[in-house]
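Data first, discussion second: the structure below is written as structure tokens.
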Amino acid sequence: MFGWGVLKGMLVTLWNFLLTYLWPKKGIFTVQYPEKKLPLAQRYRNFPFLVYDGTPHMIRCVACKICESECPPKCIYIIPEKDAEGRVQKKPAVFDIDYAICMNCGLCEEVCPFDSIFMDHEYEISKYNRAEDLMVRKEALLKPWEYFAKIRPHDFERIEAKRAAKSAKAKPVAPAEKPSQKPDAGPTSPQQGSVPKNG
Amino acid sequence: MEILYFFAKTGFYATALVTLAAAILVVTLRNLFHCALALILSLLGVAVTYLYLKAEFLAIIQILLYIGAIMTLLIFAIMLTHRLTDRSVSQTNRQSLPAFALLAVFNIFFIASLAAVPWKINSASLAAKIDTQALGAFLMGPYVFPFEIISIVLIIALVGAVILGRTDQ
Amino acid sequence: MAYAYLIPVFPFIAFLIIIFNGKRLKHQSAAIAIGGSLLAAAVSTVVILNTLKGATYSHTFEWIRIGTFSLNFGILIDPLTAMMLFVVTYVGSMIFIYSVGYMHEDPRFSRFFAYLSLFMASMLGLVLSSHYVQLFIFWELVGLCSYFLIGFWFEKPSAAKAGMKAFITTKIGDVGFLIGLFLLFTCAGTLQFKDFTPEFLAAKTQAGGGLFALAAILIFAGACGKSAQFPLHVWLPDAMEGPTPVSALIHAATMVAAGVYLVARSFVLFAQFPQALEVVAVIGTITAFMAAFIALTATDIKKVLAYSTISQLGYMMAALGLGGFSAGTFHLMTHAFFKALLFLGAGSVIHGTQTQDLREMGGLFPRMKITSLTFLVAALAISGVPPLSGFFSKDEILLTAYESGSRVIFLILLVTSFMTAFYMFRLFVLAFLGKPRKKIHAHESPAVMTVPLSVLALFSAVLGIPGSPYWNHWFQGFIHGGHAQEIHVNLFVVKCSVAAAFSGIALAVILYRFLPKVPEWLAKIFKPLYLVSYNKFWLDELYQLIFIGPFKKISQLLFRFDAVIVDGAVNQSAVQTVNLSALKNWFDQHIVDGTVNGVAWITQRMSRILRKLQTGLIQNYLLILLLGLLFTIVIGFYR
Amino acid sequence: MAETIDQIFVLAKDRFLDLLGIVLPDWIILLVRILISIAVLLAVAPVVMMYMTWLERKVLGRIQNRYGPNRVGIFGLLQPIADGIKMLTKEDIVPKNADQVIHFLAPVVIVIAPLLVLAVLPFGRNMIAADLNVGLLFFLGVSTFGVIALFMGSWASRNKYSLLGGMRAFAQMISYEIPMVLSVVPVILVTSSLSTAAIVEAQLGWKWFIFTPWGGFAALVFFLCGVAEVNRTPFDLPEAESEIVAGFHTEYSGMKFALFYMAEFISTFAISGLAVTLFLGGWDGPAFLPSWFWFGLKTFILILIMIWFRGTLPRFRVDQLMGFAWKVFLPFTLANIFIAALWALLPYPKNFIADTIGITVILTLLQIFNRKETPKKRKYLYAN
Amino acid sequence: MTPIPLNHFVIFSLFLFSIGLYGTLTRRNVIGILMGIELMLNAANINLIAFSRYISPNPETGQIFVIFVIVLAACAAAVGLAIVLAMYQNRKTVQAEDIHILKW
């Protein structure tokens, strides 16, 4: 019969319409955003942040500039700290990330040998000014290690375990970094892929 | 109340002026699309004139047919030949001056002769109210034969237009 | 009765539907045509039943008015018309149904039915006509259909030629017919059938009816053409090139009977003039005999039947010519049925064996039982075996001949009757009995063909009864309009007729079934006669010799005359002209041309000015038009 | 009391005019009488339009399992006002090559037609702004103006998407105009009047035309044609966003864009109102509620159905759209005129039977003639 | 209350007619010519109604003929524009002066 299909479709939408009133839980899928939010998955990633242990002074980052050179859109800018004599310290003086450029690829997290940069869960970052406000400085980037434990407990445990093992093993010989990289990579973390783990 | 009639009469002259102005635009504007729009305005004015002659049905028919149908056709035709509405092309030919002169003389003579004619106004028909039903009765009664013929002509014209307008030969 | 005009309308509507939708309808067109014919049959049945009760009907209306003369067409229904209606609608319907089977494979199936319907419509119109001119119109329409249908397989050159031949030959008769009508109108002042009463004619011919007689004979010439009478019969055998149902319907049952019908319709006119009747009788007799004689040796199954048809038509004409109105019309009716049946049977045979040559057939009886049986019935009927229909009608013709006093005609007709029986059974034996002479895959035709055969067989068997003494010669009374006819049975004639029939049958069966060598032997002995028969009296050749050859000769002579004398004179004058022209040339070149060129030069100059008016631009013209309008207004204003 | 409520607007107007009559001369009263109607219509129409946008968004949201606007005001009731403010403050962009004058005129002209048309709608008993004796024709005639304006806009934009949209709108509106007018003819035929008020009068007392066999189908055709006339889904080819950006109003922004929208929504309202007037008995209804309420309710239901259509149906293809108008609606409406004539001619039980038969026949014929034709297998002359 | 004089209608229609005729005479574009013709037809219509309203004993006649004229104008527009389109397709021009052979 001509038009029957149309009628059936109409009934479907009518049912949906009525369902939103009769049984809102089933009928409406909208999450009223600012008031309610959907829980995020642990591996959700947004823009990167820097980790410190304990107090904000103890930045894990050693200003090695690996992430800066690996970053595909080149949104990271690092200047290491220098002491009075002008020697380079293992600490960033300037660590800027331009959120307007960053594309959330997560490569910085993967390449960091010191577990100091991770991807954040923060997504409400709208700003009024593109040039100024989205250029995030070191102070704004710093977050405590416990914060990481809160948002990504699984990764936290894994990294903690790895770090403990590393520190136990690496106590006797500190400088041999490169040779230890290869034997370590495979057996210790088969599920980790290409993330280098020596500290 | 008299003042309202005065307003109404003034309205007629205003309408006539607008109509004529629009008509002048129709024949002088360079852009054919603008011409068509001016023609619509002019035809609307004619429809209002019909209202002053107490022919409501015709006024509506004027709008429905002239503006709804004929103008639509015209505009369609303009669209389909739009390359020729370029501003660089002159839109009038060389006989505008003689035409203007002749028409002016024509009008003068016409008005002169018109003034000489004493019309016998038939006040009964001036006051008569012609509703749509009466028109329909006339169409179906005394004028049924021309009515039928005109419908046949219309059909023939439409068929002819379709055949002429076909692109695939 | 008032609905009688519907009778031809139904087939005509069928024709219109089919001819305009032939491509789409395909085989449904047959259903439409049959429906049209059956409706016509139904209406005509009502009409016939009314007529049987003694009612007649006539209705006229004005067709054209020229000055004071008005041409009134209309419908006339009397017993003769009723009989013709019966024949045309019933035989026609049967043949329509039959054609579905016969023409099934034909690519122009629907057009065939369109033509058939048109034919049916025109034939019915012819029969119902109340006016000579109206009859003539339908007469020509019928001829046109005949032409279409003979040449239906126009891919065959022979069919196309046959169509043309039929058309031209009948047209010769028609010209006579037309002149006859003119004459008749001049003399009588009317062409309405019902005006021609004996009293009217008697009043008109008091001063001498020579022109009337001439008109009658000329009308008979038309009938000759249509009914294939002696000098104009040559087209009918060739017409067998058409499809067999066509032969059955048109060239055996109905159209060719139109001539007879015409004579019967004009019988009052003929009866007034013994001379005219004599002509009719003699021509009919000659035709009957000659055609039967030719049929003796024909080998094509349809040709045999065609000549048989001519012969039987001659019979009818002879009967009419001898004053036997009822005998002629009665034979017309019975003949229509059994001849249609014969043709359809032949068609069935052709359909089954894919050949028309009698010499290739044989032994079909066991394979085509229904066809054979019905064919046998028809053959017996045409031979005049009692109590089948042919016996009664033919017997009455013979009786008429006998009683007219002309022994020669009677004898010739009797011999013809014998020959009829002979060739019919020669045909039957050759086709159906014995052994197959050639390997042919004969098979019975489908039911759609055999059922009409059976119905027609039934009719041909019993249709003689109404005219027989057992029904007290009811038919004869009916056809005369209710006046009981006095007909006494002459046993001598009956005996002669029966004897002729049976001897013919017996001879044929003996000769061709049991002594197959004898016919050849006979042919050798009577070689001249055989050749005469085999070559159809050399009539075609004769026509060639008498009419066409001399025509060509004369044309050649004229051509010679033209080429030598006329052309010579012309050429001579041309030479002289050339000489003269040379003289004139000089004059021309210098003086005349000078003038002309001068004029042209002036004209050109003038035109350049005037040409400005002829721009070809409509708007320009419009402007000038406006100028003219203005001019008139100004003139009007200051008048 | 019920009578008072029913006539409350009429009474209010009369009282007001009486008051004015104390001080002002007759002719001014007459003018004011006219102007009040105009002013009310001009004031009501934009409000109606605004809340129709709200309604549409709400209902569409619910159909799509969302809430729809619910932030600005309770239930989002202030949303249209917010939208209006936004539209007014937006930048008004005119393309460089556009025909400036016409580009400006188009949105102005396009709202005129739907506003004018409201004048002949009987919103309730005695509540008609202008009871013309050719009211129905006036409605149909004036509503054709929209096409011209729409085409002005599309042409003046100098944008090929605009032009395409305009062309589509043109073809579509011309095609649907015809069955629409033809579907109205039976109503005129039965009531023998062109006045909308008289048509409503003829239907009083539950003699709504939609309950007659011809009227039911004519109403369906009229409503669908109306949906096509106002370019709403599933007939929204002229503004098909997935094909030609936004059709004729691609190059419009800000208030001009809003005017286009306003025209569309007011026409939607007007068409629904006319459908109600012609087939659903206008303001007729049980007397316990005022007549204008019934009119509003019926119109509201029709508008809801339009929104429901939009939430359900996908867009037509151009050929389907044209075919629908010319092959289905046109022959049906033509036949429907005769069916309605039968209804008017025959006495009660007979006309019902005759109409049922007629409608069955025409629907069957339509189905037969519009069935899909699969071409027959090709026959080859030489190959197999 | 006196009615508007008949002559005013007639003069109005005369002017309209003249303007239309002017357009017909001077426009180069065939569509422009058609527009002029439409104007002229409208002028004629006004005359028809005005005269039948003011002078004729049966005022319906003029209106009925106006209906006929409008239909004929529709015919003319349809056929004329179809011709224009055909011309445009074949000759790539709609200028009246390019079409001056008067036959094809």
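Here are some notes:
Per-chain residue numbering starts at 1, and chain names A, B, C, D and E are given in the order in which the chains are listed.
What we mean here is this: a residue touches a chain if its C-beta (ideal position, glycine included) is under 8 Å from a C-beta of that chain, and two chains touch if they have at least 3 such contacts.
All of these numbers come straight from a predicted model, not from anything done at the bench.
Separation of chain A from chain E in touch steps, taking the shortest path, is 3. Distances between chain centres, each the mean of the C-alpha atoms, put A farthest from chain C. The interface carrying the most C-beta pairs in contact is the one between chains B-E. Rounded to whole angstrom, the centroid-to-centroid distance between chain B and chain D, based on C-alpha atoms, equals 28 Å.
Distance from the chain B centre to the chain E centre is 6 Å, each centre being the mean of its Cα atoms.
The centroid of the Cα atoms in chain C and the matching centroid in chain D are 71 Å apart. The centroid of the Cα atoms in chain A and the matching centroid in chain B are 75 Å apart. Touching two or more other chains at once is no residue of chain A.
Among the residues of chain E, those in touch with two or more other chains are 21, 25-27, 96-97.
In chain B, the residues touching two or more other chains are 57, 61, 69, 76, 93, 95, 99, 103, 106, 110. Pairwise chain contacts in this structure: A-D, B-C, B-D, B-E, C-E.
Touching chain C in their complex are the following residues of chain E: 21, 24-27, 33, 96-97, 100-102.
In the complex of the two chains, the chain D residues touching chain A come out as 59, 62-67, 308-309, 311-313, 367.
Partner chain B is touched in their complex by these residues of chain C: 617, 619-620, 623, 626-627, 629-630, 633-634, 637. Chain C makes touch with chain E in their complex at residues 615-619, 622-623, 626. The part of chain D that touches chain B in the complex is made up of residues 26-27, 30-31, 99, 102, 132-134, 137-138, 140-142, 144-145, 147-148, 151-152, 155, 163, 167, 170, 174, 177, 192, 194.
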